[in-house]
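Chain IDs A, B, C and D follow the sequence of writing; residue 1 opens each chain.
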Amino acid sequence: MEYSPTEIMTIAAARKLKNGTVCFVGIGLPSAAANLARITHAPEVVLIYESGTIGAKPDVLPLSIGDSELAETADTVVSVPEIFRYWLQGRRVDVGFLGAAQIDKFGNLNTTMIGGTYHAPRVRLPGAGGAPEIAAAAKEVAIILKHSKRAFVEKLDFVTSSGYFEKANGNRPAGVPGRGPTTVITDLGIIVSDPATNELILTKVHPGITAEQVKEATGWALKVAPNLEITPRPTARELTALRDLHARTAEAHGSAATAE
Amino acid sequence: MEYSPTEIMTIAAARKLKNGTVCFVGIGLPSAAANLARITHAPEVVLIYESGTIGAKPDVLPLSIGDSELAETADTVVSVPEIFRYWLQGRRVDVGFLGAAQIDKFGNLNTTMIGGTYHAPRVRLPGAGGAPEIAAAAKEVAIILKHSKRAFVEKLDFVTSSGYFEKANGNRPAGVPGRGPTTVITDLGIIVSDPATNELILTKVHPGITAEQVKEATGWALKVAPNLEITPRPTARELTALRDLHARTAEAHGSAATAE
Amino acid sequence: MAAFSSLREAVASLVHDGATVAFEGFTHLIPFAAGHEVIRQRRRNLTLIRMTPDLIYDQMIGMGCASRLIFSWGGNPGVGSLHRFRDAIQSGWPLPLEIEEHSHADMAARYQAGASGLPFAVMRGYVGSDLPKYNKNIRSIACPFTGEVLTATPALNPDVTVIHAQRADRKGNVLICGIIGIQKEAALAAKKVIVTVEEIVDALNAPVNACVLPAWVVSCICLVPGGAHPSYAHGYYKRDNAFCKAWDGISRERDSFLAWMNRHVLATADFADYLRSIEAGSKVSSHA
Amino acid sequence: MAAFSSLREAVASLVHDGATVAFEGFTHLIPFAAGHEVIRQRRRNLTLIRMTPDLIYDQMIGMGCASRLIFSWGGNPGVGSLHRFRDAIQSGWPLPLEIEEHSHADMAARYQAGASGLPFAVMRGYVGSDLPKYNKNIRSIACPFTGEVLTATPALNPDVTVIHAQRADRKGNVLICGIIGIQKEAALAAKKVIVTVEEIVDALNAPVNACVLPAWVVSCICLVPGGAHPSYAHGYYKRDNAFCKAWDGISRERDSFLAWMNRHVLATADFADYLRSIEAGSKVSSHA
């Protein structure tokens, strides 16, 4: 079956989640990938949304982090302070699934502002949300982001949530129990942090994509793993499940805006 | 109607609670008094027990602070950390109703140990429970305690929860928002803290009791207010309500132990 | 003890110019009706607090009610930018907007501290983030036992917290259910509390451990069916996703925004009138 | 992920000599069955944590399981003293018992810190009390904003927390309702969690905001109907007040205590056998 770049990105991200993994899910692409994992190979993946829903099993993708489908299908719904304190800060999350506007080669993320100054930005973005603490407390972080030079930058305009802090020593600072951003899944390939240098390195390209194309779409001098692999093609089962999910979602929300 | 010393003590304590007062209730005599207030003159008194029951309206007195009658009749039941943090420490309690094993003339209370040393006490008591923070955070504290020289002492064996800290300056320390122990209700009379000196002073005797008798039963040189009053006699309504409450309680708990 | 009043009276008596006001509801039960009433009464110079200043604050900011915003995520969930929020920060329109920016975990902890009578909250936060560089309210504190350094931020104690809930009983006890967000903490942290509700019932029938605000911690209860629109009320009506998407176009330009606000908020008498004006009445009719 | 096992296996595999173990349940859902099993397996040198060490710890202390106790109130609720607790502290029988003593508010805050991944808790506590003189784990901390001095105490993180709950579903999700006490925090603060339940059901049918422990935070679930006796299980059976009063006499003397424990705990095979031995079966039969 044919597939779009967004589809293989979502499917590659879904594969990152194993059955039983506890995943703290951001809205948008992370939510699509996490739910795709749940309805395909990982039926017992535990999805936590920052709205307080634990074990959500939505039949359609939520438009917001707090849709009623999440509450109605969750194992339990707790308060927002509880979700951040007992569940995230309490180190119960295996994988934090995040998006961002900008990323650098150490996995630092910007969702705050672009251009100008902090107090007079050219483009004001939504801000931190749960990201700084998800990035620090989840056992590891996976980032889902479309490849472009605007997004993959040499230097962030603002560090909203931290990756490896530009320290190439394999250690994260005290107070940061998790392993940090281990994997970035894009519409072109998969970039993984090198344990020796903490720098993000291209380890997989999607079928038909070359390393050169990925380097071209990256704002820093992207390193390529010597044993570069090719992402397995999306299976018919994966694609059908993803398209059905988007179709159900579009029908429920009265538009095709999330289907892309 | 005739009445016992414990009955007038409980009734005098109940009268301390006004309709709508939010009362944090200790078990035993405080609970009997608070519920008597609720079923007589103060139907809208709000009873909070440290087990997390807010607005409990038990038909029989609880044997413990966490009886099912409390949960079943409460407006809501919250967790123990929430009751102490959001409700008590959050300064939502008008009156803390406490008992104790020992009290001194500044309203300091001992529920920890008597005799010997802390590590090898002659009599080990249950300990602090909620008392230190109730004594500090409630807007005022009322103490219900039978009069005896063993209980009303010159010097406590241990200060479990504090009254006026032996400081006779009318001010309580920083971090102690409440007014402290304003009233001690006993089986002989009512002792009230003097705003000028913080010392507990006998202001009322129960009918038939003399100031001399109260002083005799007090382990310090109890001061007597110049305008000593006499507690109004328990009314037939109060006594009937209290006795019915104890009768219902005895029947429910299978003994008369709490009726006294 | 809770008083029952119209929303107009509640806002008039409790929300004053210059006040610090939290409108909470984490992607659910957002108190839109109360936000509109504040706009109608032309409140000015408010410090607005909200974890997720979505459409409700886009409207209040664009109408010039706020001079300061304390927040952690400002967007139109699932849709994109908040154009009025951006215009205020990027261009100072209609007024300059001072911002104090935190993370969600921090804002939640700050409300908890406020509800708990504590002056500050402790959390593991912001490691490696630039946010503390621009926010003097993000400080550090050392553990007295381990020496570990953590983040401290000051308690939030709004003058008024405004929330929307499913229902109240006739005594004024309030039940919130579904995604309960930060509402209990925001209410208990505030000096005054306004609650708009879908309905007032004889008996709450709340499960024993449900999220209930007793009547005696609530200042005013206002019956406003549909009062969360275009947000949703679990058990009553769904989110109006079409409206949230349409807002992106309505709010993109100042003129179209002002025209919409004039027609649907300033020119309507109350929230029922607003719902009629946007023909959303059928979307928020109760299931009951 | 929760494993289903017998209580005997759960205690044998998770509660080791020398471990720090919390048995929680605040005057409700007290895990007596698990306490008895620890006594039957003759565990030694435990550090026991519990806000209210009532009859369950009186039994464990009197049987020599504990060398240390962290607590805030040790009594027989509504009845009086705990004679075995007192004998251990006053006379070191059967073993010296080291105590670390806090207040309820503090213990609750310490469990919360433990559940929250924080090294310490902050509270307004102990002003004027002698307790900090005898407890090096009660320290002070200054607010970085106001300078106000508050109390700090270290997080509680037991090796094992043991609780009793109304029910679990077949996946291992646990519902606790009624007086929920400190159970969620104690469970989330611990490295391992044992839950005994009244029944295992196909569907929990928990209200949306109920107190639920997901299966994946629970180590072992053990079906033990009546497992809270003589405490109660909201919706299942009432407290056995007559037993709590009788305990005062049983436990007053060492000999009568040992005789009772030998006959009803050591000589019984499990909790069902214990319930038969004290003829309490009818008191804890489920309402269902």
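Methods note: a contact is a pair of C-beta atoms (placed from the backbone, for glycine too) under 8 Å apart; a residue touches a chain by one contact, two chains touch by 3 or more.
Nothing here was measured: the structure is a model prediction, and the numbers come from that model.
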{"item": "Pair joined by the larger number of C-beta contacts - A-C, A-D", "value": "A-C"}
{"item": "Chain A and chain B, separation of their C-alpha mean positions in angstrom", "value": "57"}
{"item": "Chain B and chain D, separation of their C-alpha mean positions in angstrom", "value": "28"}
{"item": "Chain centre separation (chain A, chain D; CA means) in Å", "value": "41"}
{"item": "Shared interface positions of chain C, touching two or more other chains", "value": "112, 117-118, 123-124, 148, 150, 178, 180, 184-185, 208-211, 234"}
{"item": "Interface hub residues of chain B, defined as touching at least two other chains", "value": "71, 77-78, 85, 89, 137"}
{"item": "Which pairs of chains touch, using the document's own definition", "value": "A-C, A-D, B-C, B-D, C-D"}
{"item": "Touch list for chain B against partner chain C, complex", "value": "20, 22, 46, 54-55, 71-72, 74-78, 85-86, 89-92, 137, 177"}
{"item": "Chain C partner contacts - residues on chain A that touch it in the complex", "value": "27-28, 50-53, 62-68, 70-71, 77-81, 84-85, 88-89, 108, 112, 116, 118-124, 126-133, 136-137, 158-163, 165, 173-176, 253-255, 257-258"}
{"item": "Of chain D, residues touching chain C in the complex", "value": "117-120, 122-124, 137, 139-141, 143-146, 148, 150, 152, 154, 177-178, 180, 207-211, 234"}
{"item": "List of chain D residues in touch with chain A within their complex", "value": "1, 112, 115-118, 173, 184-185, 188, 206, 208-210, 212, 214, 216-217"}
{"item": "Chain A partner contacts - residues on chain C that touch it in the complex", "value": "26-28, 51, 71-75, 77-79, 81-82, 85-86, 89-90, 101-105, 108-109, 111-112, 123-131, 134, 148-150, 178-182, 184-185, 211, 232, 234, 238-239, 241-242, 244-245"}
